[in-house]
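The first chain written gets the first letter, and so on, giving A, B, C and D; residue counts start at 1 in each chain.
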Amino acid sequence: MSANTAVAEKYRNNFLKEIEEQVEMGDWVKMCMQCGVCSGSCPTNFQSAWDHPPQELFMMIRAGKREEVLTSSSMWNCTSCYNCIVRCPRKIPITHIMHGLAEYAHRIGMAPKMQATRFFSGLFWKNATHTGRVNELKLSLGLYFKDGFVQGVKNGMAMQSVALGLVKAGRLNVLELFGGHKCKDQKGIHAMLAKAYEIERVRKAAKMAG
Amino acid sequence: MATKEYAFYPGCSSQKGASASNYLTSVEAMCKTLDVKLTEIPDWNCCGASIGYAEAGELPRHVLNARNFALSEQHMPGKEIVATCAACWLGARETRERLTHSETLMADTREALKEAGLTINEMPNIRHMVEVLIEDLGFDEMKKHVVRPLEGVKIAGYVGCQTNRPFGVDGESFENPQYLDKMVEMVGAEPIPDYEQKVTCCGGALAFSEPEKAQAQIKDIVESAYDHGAEMIVTPCPLCQANVEIYQGQVNKRYGTKFDIPVMYYSQLMVVAYGGDAKAAGLNGQVIKARRLEEIAAKPVKR
Amino acid sequence: MTEHVATNETILVVGGGISGMTAALEAAETGKNVVLVEKNPALGGRTSQLYRYFPKLCHPTCGLEINLRRLKGNPRVRVLTLAEVSGIEGSTGNYTVSVKVKPRYVNENCTACGECERAVETMVDDPFNYNLGQHKAAFLPNAMAYPQRFVLDPSIIGTPDADKAKAACKYGAIDLDMKEETIEVKAGAVIWATGWQPYDAAKIQPYGYGRYKNVITSVEFERLSDIHGPTGGKILRPSDGKEAKNVAFIQCAGSRDENHLRHCSRICCMASLKQTHYVREKFPDGGKSTIYYIDIRAIDRFEDFYQKVQADPTVTFIKSKVAKVTEDENGNPVCHGVDTEGYKRYTTAHDLVVLAVGMEPSVKGINIPGHIASDSSGFIEADPANGAVFGAGCATNALDVNRAVQSATAAALRAIQVVNKVAKAEA
Amino acid sequence: MADIKVAAYICKGCGLGERLDADALVKIAQKDGKVPMAKTHDFLCNADGVAMIKNDIANEGVTHVMIGACSRRAKTEAFHFPENAVARANLREGVIWIRPDTDEARETTQEMAEDYIRMGCAEVKAMTAPEGNPNTGGSKTLLVVGGGITGMTTAIEASKTGYSVVLVEKSGELGGWAGKLYKRVPVHEPYKSPADTGVADLASQILADGNIKLYLNATIAKTDGSPGKFVVSIATESGATHTEDIGAIVQATGFTPYDMNKLPELGGGKSANVVDQAGLEALAIDAASKDGVIRRPSDGQPVKSVVFVQCAGQRDPTGKHLSFCSGHCCNTSIKQAMYFKDANPDVDTTIIYSDLRTPGNGEDFYRSAQEKGVIFTKGTVAEVVPTGNTSTVKFNDLILGDADASIVDADLVVLATGQVPNSGVNIDAPAAAPAEAGAEPKVEIKPISILNLNYRQGPDVPHLKQGFTDSHFICFPYETRRTGIYTAGPVRRPMDIPQAREDATGAALKAIQALENAELGRAAHPRSGDLSFPKVRLEGCTQCKRCTVECPFGAIDEDVKGFPLFNESRCRRCGTCMGACPVRVISFENYSVNTVGAQIKAVDIPDEFSEKPRILILACENDAYPALDMAGMNRIEYSAYVRTIPVRCLGSVNTIWITDALNAGYDGVMMMGCKSGDEYQCHFVKGSELGRVRLSKIDDTLKTLNLESERVRDLEVAITDIQRLPEMINKYAAELVAVGPSPFKGF
C-alpha cells in the first residue's frame, strides 16, 4: 500500500484534517477569509498564471478536492518572495504552507512527475546535504541532465554563455566537479539528519494514528 | 581590539570560486576599514535555503541551521551570528523563531544534534551584515571612512525579497525600504528613490528550474533601472545579484532587449569609496564589468 | 448655552461630536445640567466634515443645525471648546475633572464679522479639510461653527499679523494675552464620547498613501465632494487637479486586518457605496466607480441601498482585497490583484484611489484618567469597573451615526441614573 | 390683548452703521412700524447693549422687542428674553452681506433694510410671549409593551432612574425570542465563544422590582390621551381589563422569524431535518438538558454534519421575500456552529454565505469560529433536497466557480431566515387593500393592532417601508410621528441583543424626557422646549377636518360634531394645522397667520414704473434660512428685491399668505422647503410634503386672479445650497422681469 493510499484511507474525505496534520503550517488553512491578497501579491502568478493561486488552493482544500490539490503544479511556482505573508490580513504563513503542500505531495508521491522545480528542489537538498555545502557546478549540471544526457548537453549549450561568464569572473570553478567545498564532519551531519527524518516520520505517523 | 566582533556565517555561495565569492572579497575589505572582526564559524554547513523544501521537511531544515548555532556557541559563546547572504540569514532566522516558539521542535532538534555530538543552550541572535552596518555602526560611522565619493554615479537600489520580507531590517517598510538608497547616498553616489522595482522578486531558485518565469521578472527589474537612468544596480543579496546580472544575456535573447548593466553589492561600492582598489572590491568578479567603478577605483584617493 | 455652576449633580460630556452633543442635549432636555467639553474650537465633530449621510444622502449640517438650535435655546448646557480633560479624580457621583483649555485669543465679544480674517495675511493648514487646503490664521472653523466665534492660530501670536488682527477688531474681541488654563469641574457622572479617528493610511504600505498623490482616504474624499471643501465640491485629484471620473474604492483599508485594525469598522462599505453617488452626481456622464471588497457589509435596512448601487451600470464590484497600488507614467494609480470570484487577475488604472480607512477609537492611545475597560481594539467596554464613566458613540464601538446617537442617548440615561441618586441622597 | 409696549433696537455694528442709514431706520420703525421707542446702538450684542434692552424691559415697561441686527441664528443667547415677544430683523446676513458695497447698490440695500424693519415691527406686534400649554398631565409612569429583552431592559433602566413602569407581555412569560435561545453571541472580550443570554437574570430583576408592574398574557385594548396623561386599557387573558395612567410609552414588540415554509426550494417545511435558527436553538436547549449531543429530529441520531444557509429568504430583490438583511444572522449561525464544534470538533459545520457580515468585534467571533474548524464557503444555495434522514445542499461555489457544487449527507440544514417586525397595523396601507391581503407586501404585516391608539389617524405608530416602525432615522432615530411613544428593538430595525439593549436604554430616556416635558407644557423634539402651542377659534371652524387629517403627529382628534380636538401634548409645533386651515382659526402665540401676514403686508411695494420688483421668500427655518444665512456669511450676492420670511416648516404655509402677497403687488413668491418622500429631510417628516400638496393647488388661485403660474415658485432646498440659492433667486428675479410687473401694484 503506497503512502498515498494509506493516508487517503485514513482521512477518508476529510482532506482539511489531513492537511492540518501532515503539512507544515497546514492548520492555518482554515483561517483564510478568501480576500485574495496573496493571489494578487504573487509575482509568478502575475508573470504567468498559476492553475490555482494560494487562496484558491485553501478553498479547494476545504472543499475536499484532494486529487486536484496534491497533483497541482501551482505550489511549485513559489519563489519564496514572502509578499503574501507580509500582506495577509490573517497573518497566515502562506509561503510556508505552499512549501509544505509541495513537500507533502512530494512525500506521498502525488506531485507532478516532471515538475522542474520539484526536481531541482530535491537535487538542491541532496547536493547540499551530501557534503554539508552546496556544490554549484554539480547542482547546475544535475539540473541540465535531469532529462537525460542529450537534453543535458543541449541545456548545457544553452547556458554556456552564462557559465563561461561566471568562469571568467572566477565565480564558477570547473574543478568543483572533483570534490570541491565540503564540511569536515559529514558523518555527523548525515547521522543528525537521519535522526531528524526519523523523529519527523514518527510524529506524522502518530498524528495519523491519533 | 576590533570595535565589533561577530561569528561569521559566509554561506555556500560566498566560498572561493563560488557565485558570490566577489561579495566575500569586498565584505572582508569593507570590514577591515570599519574595524569589524568576523570570525568564521568552524565547519559551518548549508542553511538548506528556501528551495530545499521538497526533500527537507520541517525538522531536518531546522536541524541543519541549528548545527551552525551549536558550533557558533561552542567556539564563540555569546557572539551574534552575522550572515552576508540573504537566504542564509533568513533560513537561520526562521529556525531561530520556530525553535524559540516551539518546545517540541526545540527538544527534537536537540535530540537530532546529539547525533553530531552537539547541543544548543541559548539561541544566538542572527544578523544580516546590512543590519550590523546600519544598527551597530550607523551611517555617520560608515560615512566617516569615505575618501573617494562615487560622485555622479546613478545607482538603483535593488533590495529584493529575503533581506526585506518577512523580517526585514528594523524600521524599514516592506514596500519601500530606504536603507540601500541611504547607503548609495552615503558613498557619494546618486540614489533613485522612486525605483519602483526595488522589492520585486528576482525569481529566486526558479531562475534555474523555470527560467522563463524568473527572466520575465528580471526583465522588469533591469528595465526599470534603465528607465530611471541608472548606471548600475546595487543589492544586498547574492541570489538577486546573480539572477539579475548573469541572465541579462538570456533576457536580451528572449525579449530583444540590449541590457548590459552591472549589478553590484553594497560592500563593493563601499570598498571603492573607502579607497580600496578594484581587486579589493572584487570588481574582477563582475560578469558584466562595472567600468565606471573600475575607473573610479583607479583614481587616486583624495585625502 | 450659558454658564452654570457645576456640582456633583452635573453630567460632564467629553467630546462635542454627534454623540457628545446628543448625550448632552438629551440629558439637558431631561432637566440635567451638563458641561460639554470639546477639544476643537467648534462643535460638530467628524460628521460635520461629511458631505452627505447614507442612506438618505442628506447633509449632516441639517441635523447639526437642529442640534445647535436645541443648544442655543438650552441654558442647561455649558460648552467648553479648545478644551481637553487632563484628569479625573473621585468616584461615582462625585468626580472632580481637570479640563485644560487652550487659548482662542478671541473672547465672546466676537460678532463673527470677519474683519480680523481680512486683516491677517498668514495662511495655515485647515484641519477641517484634513489639511487638503489652507485658511487664514484668523478664521471661523467652518460655516456652521458653534460657538460662532473666530479663532487665532497660535502660530501668529507675537507676530505683526496678530497685531493686525487685534487692530482690525472694533469690538475688543481679540485678546492676545489669553493663556492656557486648567479649570476644575465637578461632576456626578462622565460621558466619554471622544469618537474616532481615521486609521493612518500611510501604515498600509502596499497602497502607497503618501507616496502617490492620487491615493487618498475616504474622509478626504468627503471634503473633496463637499461644497465647503478645498475644491468647492469638485472631485479633482491632488496631483494635477484633473477631474477624477474613474474612481476606485478599496475596502478594508486597515480594517479586518491583524496587521492593522483587528475589527471591522462597519461603516466603510456603506460609506463607499454612498461615495459612488458623489461620483455620479459630479459626473453625470463618464463617472465610473469600482469597489474592491472582501464582503459588502450593508447591514440591515441598508441592504436596499446596496441593491440600488448594484443596479447602477457605472459601478463595478470586484471581490478582491487589492494587493498593491502602483502609479503609471500619467500619474494614474494602478490597482493590482485577483478577483477571487472566478480567479481573474487585474491590473487596472484609475484616476483616483480612495482608501476606505477604518475607524480607530480616539480613546486608543489617550490615557483616560482612571481605569477604563476597553476591548482589544481600544473601544470602551461597558464595565462596572468604569464607575460612572460611560462610553458613548464611536468611543465604544465602530458605529454609524444612527447607532452612535442611540448609544449616546443610552449613555445619557446611565449618567442621569447616577446624578438622580446623588440628588436623592442630598434631598 | 394686554397693553403692549414695543421697542425697536437697531445695531450699528458689523458695518451696519457704515452701510445703512441707521437714523432713517429708526424713523421707519417709528413712522411705519409705529413703535413708541426706537434706539440705535453701536454694538448691540455686547454686555452694554443687552443691558440697555434689559433695562428698558425692567424700567420702561417694554413687552415686545424688535431687534434690527444680525440673523436670528447669531447671538441667540445674547438676545434671549424669555419673558418677552422678540422679533429679529436680519440686516446683516440678510442685507448688507448679500449686497455689494457700491454707491449704485446703496439705495436698494437701504430699501431692503427698511422693509425688514417694517416687517420686524409688524411681526412682533402680532406676537405674544408663549406661556406654555396649560392642558398637561403629570403621570410619571412608563408603559412598556413587550416583555422580551428590549422591553425588560427598558423597564429596568427606567426603574433605575426612579420612574415606575407598567410592563405588558402578550405571552405567559418574560424573555421573548432571547428567552428561547440556548446561548447568545458574546458581548465582551474575548469574543470567542457563545455566552449566557442573561434573560433569566433580567426576568428575576423585573419580578423583584417594586417599581415595575407586570401584566402577563395581556395586550393593550385601548390607548387614550397624550403624553403625561395617557389612559391605557390592558386586556388580560381572564377577560378583565385594567386601566393605567401613563406618562409615556415604549413599544418593544420585537419580531417574528420569517416563515421558512415560504422557502420550499430550501427544504423549508419539507423535512424535520431542515430547521430555522429558532429551531436549532430549541434542539440545542433540548440537547443541553440531556447528554449535550444535538440530534437529528427525524430519527434522533447525533448530528455529524450540519450546513447553515445564510440569507434564506432575505436580501431578496425580487420582492418575493424580505428585501433587507437582518444583521444578526451571520453571527448567530457562527454561534450555532460553535454549539456543535465546542461539543465535538469532529462534527462538520459549513456556513454558506454570500457576504459574511460580522461588524465590529464580530470579526473576532468569526476568526474564533475558523479556529474551531467551522468551514466558511462563499456561495449561493440553489436548493436543499431532503432525502430520508439527510439532505443534499446544492449551491453555486463562487470562489471555485463551481455552479453545481453540493454537500451531500447533511444531517441537519439550518436556514438563517430574517426578522419580521411586530409593528402592528400599517395605518398608511391603502384602505382598499387591507393589511393581511396587502397586495403582497414585501413584509407580511401583522394585522392586529399593538397599541390600539384611540387616535383620529389610526391605531398604531406609522411604518417605514419594509414594515418597521417609524423613526426619523440617521440624526434622530428615536423620533416617531406619535409624540411620547417610542419604539425600541427589532420592531424598528433588525438588530441583535446588544443593540436591542442599547436601544431600549435610549428609548427609556426619551420616554422619561417626554413625560417630564409634557408636564411642563413644553414641546418635544425638534422644537424641544418650545412653549408655544396651537390655539383654535372653534367659533370660526367649518369642521373641514383638514387639520385633523394632515397633522403629521396625529395630535388632533375630532369630537362628535367633527370639531378638531387638540391634544397639545402630542403637538410638535410644526404649524401644519395652521397652514392647512382654510378659515385660519389656528395660531400659535409667536407664530400665526397674522405674524407672517402682517410682515407681508408691511413691505413697501414700489409702483410698476419703478422697475423694482418684489419677491417674497418663505423659507424653512431649518434648512433654507440657514443656507441663505451662510450665503451671506460667504458674501455671496443676490437680488435686493427679495424679502425673506422664515417659516417653521413648509407645512405651516397658509395659502392666504401667497394670495395676500400677490394681491399686495408682489411680483413673485418663492417657497423654499426640504426634500419630501421616502428619503425626506423634513424634520417634521411630512410637513414639506403636505405643504407642496397644498401648493400644487395654488395654480387655480392664480388663474382666478388671472396671474401667470411663474409667479409662484416651489424650490426643494438643502442646507448646503449656499451657492445654489443665490443663483436660483437671481435667475427667478430675471424671469419675473420677463414676465413683467404684477398687475396688482398700487391697488
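Throughout what follows, contacts are C-beta pairs under 8 Å (C-beta built on N, C-alpha and C of every residue); 3 or more make two chains touch, one makes a residue touch a chain.
Just so it is clear, the structure is predicted and the values come from calculations on it, not from any experiment.
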{"item": "If a chain touches chain C and chain D alike, it appears here", "value": "A"}
{"item": "Chain of greatest Cα-centre distance to chain C", "value": "A"}
{"item": "Centre-most chain [mean C-alpha coordinates]", "value": "C"}
{"item": "Chain pair with more C-beta contacts, A-B versus B-C", "value": "A-B"}
{"item": "Chain B and chain D, separation of their C-alpha mean positions in angstrom", "value": "67"}
{"item": "Chain B and chain C: spacing of chain centres that average the CA atoms, whole Å", "value": "47"}
{"item": "Centroid distance [mean C-alpha coordinates] between chain B and chain A, Å", "value": "23"}
{"item": "Chain centre separation in whole Å, for chain C relative to chain A (CA means)", "value": "50"}
{"item": "Residues of chain D engaged with two or more neighbouring chains", "value": "356, 378, 399"}
{"item": "Chain B residues counted as touching two or more neighbouring chains", "value": "174"}
{"item": "Contacts with two or more other chains, residues of chain C listed in rising order", "value": "206, 256, 319, 324, 340, 343"}
{"item": "Chain-to-chain touches, reported pairwise for every pair that qualifies", "value": "A-B, A-C, A-D, B-C, C-D"}
{"item": "Chain C residues within the chain B interface of the complex", "value": "205-206, 208, 211, 324, 326-327"}
{"item": "Touching residues (chain side chain D, partner chain C) in the complex", "value": "13-15, 43, 45-46, 70, 73-77, 80, 157, 160-162, 188-191, 315, 317, 323-327, 355-364, 378, 398-399, 401, 464, 466, 468, 473-478, 493-495, 499, 502-503, 505-506, 508-510, 512-513, 516-517, 525-526, 528-529, 622-623, 626, 630, 633-634, 674-675, 679-681, 683, 718-720, 722-723"}
{"item": "In the complex with chain D, residue positions of chain C that touch it", "value": "1-2, 18, 26, 29-31, 53, 55-63, 65-67, 69-70, 72-74, 109, 111-114, 140, 143-144, 148, 170-171, 226-228, 256, 262-266, 295-304, 307, 319, 340-343, 375-377, 379, 381, 383, 397-398, 401-403, 405-410, 412-414, 416-417, 420, 424"}
{"item": "Contacting residues of chain A [partner chain B, same complex]", "value": "24, 43-44, 47-48, 77, 79-83, 85-86, 95, 99-100, 102-103, 106-107, 111, 116-122, 124-126, 128-129, 132-134, 136, 139-140, 143, 161-162, 165-166, 168-173, 175-176, 181, 183-185, 188-189, 191-197, 199-200, 203"}
{"item": "Residues on chain C engaged by chain A in the complex (per definition of touch)", "value": "206, 252, 256-260, 294, 319-324, 336-340, 343, 345, 347"}
